[in-house]
């Protein structure tokens, strides 16, 4: 109720150490903590000691799932970790990742960020040939496809799996002796490669490298498979290149500003989006304020480009815990006020530009506009640093059903009236793309344009977002 | 440290109701509570509503794992449950039962009491053909063998599974529309059939029928498959009869005295064992006392046969919880005293017969003898209502390794000296068998005789007791 | 619903060690565990290191409240502990004991078993003179009365407190340098003295001495104050002797059979009560069975005196946890069956004597009689090893209101009909007293006779049982 | 380790409703949530229904302590709440607030923000006259002083209490029929008055009014007592005015920017402090960045005044939970990196002004400077928007001992070298005072100047910060 954002699906991380490292699970712990914004529902770490894989998964934040005793019990020289956003349910824990399986060649652990569009078809086929599933996550399909490769050639197995699956995937895979990173041929979800203590690390975002003191090397390329084991580092290309299609929403909202993805710094892209927004939709106003935290950077860019001073007009309460009690009917009117408060002394009598990164269902924007006006704002000009979201995502983002997307059914002016703004301007798709410094052919812009890099299921298919 | 008993592996239960029954999970809850003595480490219930299977499993006692909210969420018309004894570990929860899988025909849940001796071989074979496992329990092997049967004929699938697996198994299996009970061809582990509310119930022991108000009908026969669904009750025979070999230890210690298994009442068998023990190993004594709770019934039989009065010489503390702190080095001498206390006024100056059901490692018997002597007993004549345990069990009982079995390495007289008794007498195997009223060819007596109903793995094989 | 017993109020324990003893809190832990039957709702331990008192209290069993970390944090050379039965409520934890206060002379901890009949009057008086209370337990009144003595003479302070309070109390009191045991002038509640590791220990029951390896020395006398500190052991008499009035129900039900109180062994008294019962109310029957656990010993005495064989006719489930879900409306008929089961093979066709220790509201006896008849008993002759309970207790036992006591309103024959027994016999008060080997003038028999050792409040006063 | 800030002691809140209000505890819950920044260690709510006071307190965040069931059980028409920062310990829960006591006039609840400097003296005196204490919090002293007033005149009792206590206190007091707000004669800690649903509310900070939809009316004045009950609102003045001395650190760090205290908006004061800092300590630099979150506002003021552009140079991880595992020896070097990360693309090659609100021990500033330089900053000019902290606080702030305050022992240039900054400038005390728009005689500036509004204990006295 208090949040109107798209939900990221997952974050993955993997570390290979040349030596047995008793601190490896702690290092993954801190790395996952840096990726926590990508998923707060469950967390897990799997460790290989060279002889079998040990793992632990739980519901909640990284700091809630693990304690010293658990981390101490996870010792080895390879480790992968996962944080997950997902709908809850009695058996959610069963769907937590990494998924660990035993197969003919030993043990295998898989952590996945993304969404397969043909997982159900593959499941059905595998079931027809006698396969049995215990979870509903895509990772299980991936693990099964890799495990059934008879030859034991891991690269061949991964490639064989890639032949079958369609959709988005950034994978951290661990066998008892190797760490493998895989990025789907379109590169829909990010995956970075770093150096750590003389060996290698992979992570959904580069911010995790900074947190644990690793050095960012480069992005894993779309369609690239990287393998790290005692023979060192190897990179293998999955066949012919596909259209590169990184999810552009990583720059709009998902990724942390201190990450760099496919050569583009997230903070810079957001600042530039704010700049471009000021050019496309100027406003005659006294003060620019960002909706914290996601609108903060774009607001700075907007202020810089427009020459209108930047102000700190909204403060956000940081203390909502997992068990925070939502207001009951009687107190429903409190709404977004529990999370945000307007600084009257800053706002009073001012004509404001209120910058946010996106509007999904439109449920909170109106409440914020009203809060600002109640606090004395003379005018509120809403500026959004991305285009209207009119289409569902099939590649790992929870856009719910299309009917819930306000821009799928309403014009910009209808939305303006609905949220009570004096004016409303969305950044154009061209403007958004330009803010990244790359060409449009580098991105998936499906949620804005309806133009997807690969064929998507019919709208309304049930399984749209039960995967990670 | 305070317990020197063999550990039972599991208890299973299944209920089929002709109608949607909102109380079905509560009924299973009370039934599992009656089977709690068969496993205190984890508990689980799976329910079918006709469209999919819902389940919940947790670590601890039945009363710790479930609450009203969880039970309310488990509604349907078929339900199976499981209680489990097992070694602990970070991922124990993953191995909890019932195991629930999805396969081509829908969902399948399996609850298993017993131990397969060829599970590893089957795993390896299945892995060779591409199968992937996520747990280390035998139930997963069983579920996979059933699920891979292509025709969808459930009976055929179960029989196909039975063709492959060797060992002990009492199974409660549930598909979305049927409840199936299976007992291995040797009938190594018990399984009873009852009537409940106009339909059927299966349970490891008949005591669960009494607790929930069901009526005991008969034992499921060795090699019998019973299927209950909307077409009613059906019994199918797995091919030709094997040697019937019920685990005789069910009568010695595992089963509850109020259960009746294969026509033999457990209490009666224990009383008769006490009687026979008095005949085989009479003692010149003033008082017979039982070691609570397992020696109580045999002590009564011993007293009745010997004419020596029965006394209440040892009291047991009932309040040890799961987190009870074991004495540290400094207080180690407390030992069995934390659990048992001698009644001095009863014992002082008496020559005692102390009756216990079995001696495994011999660690506590000596402490009890000493406690009795400290309390003033003039003599302590230990009588054991079963033979020396000299061999490992491969069919669902945790006998640890053979080296830990005191009777595998020492003579009766050595044991007598070791425990400080004035005399020591074990019931003979003939005496034990006779106490059941059946012939020796009805039982597996492997742990006493080393004579097993089917071929067992070489001693020392690692996987001996990682299954349920 | 499944239990028809009077509830004991509390157990107390105190240890003085001549040296700093890092294991002192563990020793108290095991001692409280031996007293657990006296109270299962909360537990607490307070420790003095000579400089201040440290403590921990929690809701639940001793094994649930404490863990290694907490016990390790409670180090010192004196310690007292408490287990409590009480009604629950949001702030129950606040009422847990020992109560620890800071006053002019330092810190003081009080653990109390009993009930003051004039606590409210004292509270009111103290409040009038400006005192402020934070709990509703009598211990707070006791601590305040001791603390306000100006001179700092501890003995004088305790005596001054005893001048004011009326009712039952066995107290373990600890200052920073002394352990004090106090028993009220009537000796209503038990308190024993033991030797432990060269120093002293006090405990509500002697069974705790056995558990931790201490040696029982003697009972603390009614009106006696014992002080143990660096000057050794001292005993002081509160003025002139009152009528000695130990609660006779300790022998009927509360105390553990392995305890000895005021020179009488509990087991022996129960056995004799069974004997006397057989003489007073013989029965023409085939088998004597006890209702476990409380009727077991008296049943043995009955069998011995009557010559009728003893049988094991009812089995009790041991696994009810704190969160056990009571049957809802739909399953209410399960009732006592969840806790007890009849052994059909033992009972069938027999005329039974069913021995229980007491009948309070009469709610379960009828269910047990029915269960036995359903199991095939031809006749059930109920024998109760104590007299009808017709009056409330004001000295630490929860008898609820008098209206709930079945014997307060019905004749023995009415009760017989109500529970469906073929005959019903209660032991006479004379018979009960005789079973202890002491004269009637040694006991409070108020709940049976209405004759109390000191004046009691009018029936129905609200505060009857809110104290410990 | 990762935080170098002074710790606020507490927040208090009280609501009076003219009618029984089932949602009153929820409203307090949301109000406390808005005050959560003032204390994260424990939280409590006490409610009066007119007949007795009910309460609940626990360790942790407001959202962790309370659940729907607990809030539903706290119904009434008056409520007070408390959040607390404190050192931890086994018995911390005992010291949680509100403190609830029973005394001659009924029940009394007290919630306190502040610290009494003569609490120990009063305790000793009260103890001499026989008083007994159960906690170590000042609130207990306050409750006792109020409760002992014989006449029952509440105003007289509060005034009598104020005659005795010296130090800082903002109090929310509740009897069964009245809500009382008290602010000490110096007004050291803030307390605001608001209108809510036709009645009144008091709160440590006005931000809580916004969150729950109340209207800010005015500050409670130093030495003012406000009473709200069925007779309406009354304000009483404690005798002659003292020197007004609001803690100036509320503007530096403690209070939320959206609060207004004693007529000064916190955000505005911080912005002005940044402005004044730019004037006092200009820097030749390319970019101004704030250390989040506390340095953000001052950085904006600095940028505005200096004309140097504002940048977003440091990002803060929001997901540290209560059980977050601190790095062990092996990973200690991670330090502040777990919490903050530098945005390389923003910083690289730039000469930075890094604005923070204060430096206490100086442990993290050096790490942040190094992080910025590692990220490519050419120069780092540290600017602090308050003066050096050279003296302990005795009025409710945890400054630890004076020895830990870096500015108590080192010169500004030593500190500059220690933290590795290219230049270091602290705002002058005059500059800080000027930023509030009020005169210096309105504030306690003791931690900066050593000049306290009332006599303070000798440095090193143990009890310095065990109170709230």
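Letters A, B, C and D mark the chains as written, and numbering starts fresh at 1 in each.
Quick note on the criterion: contacts are C-beta pairs under 8 Å (C-beta built on N, C-alpha and C of every residue); 3 or more make two chains touch, one makes a residue touch a chain.
Fair warning: this is a prediction, and the values are worked out from it, not measured in the lab.
Student: Would you pick out the chains that touch chain A and also touch chain D?
Tutor: Chains in contact with chain A as well as chain D: not a single one.
Student: Using the touch definition from the top, how many steps at minimum link chain A to chain C?
Tutor: 2
Student: Compare the CA centroid of chain A with every other chain's and tell me the farthest one.
Tutor: Farthest chain from chain A, going by C-alpha centroids: C.
Student: Just curious, how far off is chain C from chain B if you go by their C-alpha centres, in Å?
Tutor: The answer is 36 Å.
Student: Measuring from the mean C-alpha position of chain C to the mean C-alpha position of chain D, what distance in angstrom results?
Tutor: Averaging C-alpha atoms per chain gives centres 49 Å apart.
Student: So, what's the distance in Å between the C-alpha centres of chain D and chain B?
Tutor: Using C-alpha averages as centres, the distance is 60 Å.
Student: Which positions in chain B are in touch with at least two other chains?
Tutor: Not one residue of chain B touches more than one other chain, so the list is empty.
Student: Should the pattern of chain-chain touching be classed as line, ring, star, complete or other?
Tutor: Per interface graph, the chains form a ring.
Student: Considering only the defined contacts, which chain A positions touch chain B in the complex?
Tutor: Touching chain B from chain A are residues 54-56, 70, 73, 90-91, 93, 99-104, 108, 124, 127-128, 130-134, 136, 143-144, 147-148, 150.
Student: Where on chain D is chain A touching in the complex?
Tutor: 22-23, 26-27, 29-30, 33-34, 36-37, 40, 61-64, 66-68, 71, 207, 210-213, 256-258, 260, 265, 267-268, 271, 296-297, 300, 304, 309-312, 315, 317-325, 327-328, 330-331, 333-334, 337-338, 341-346
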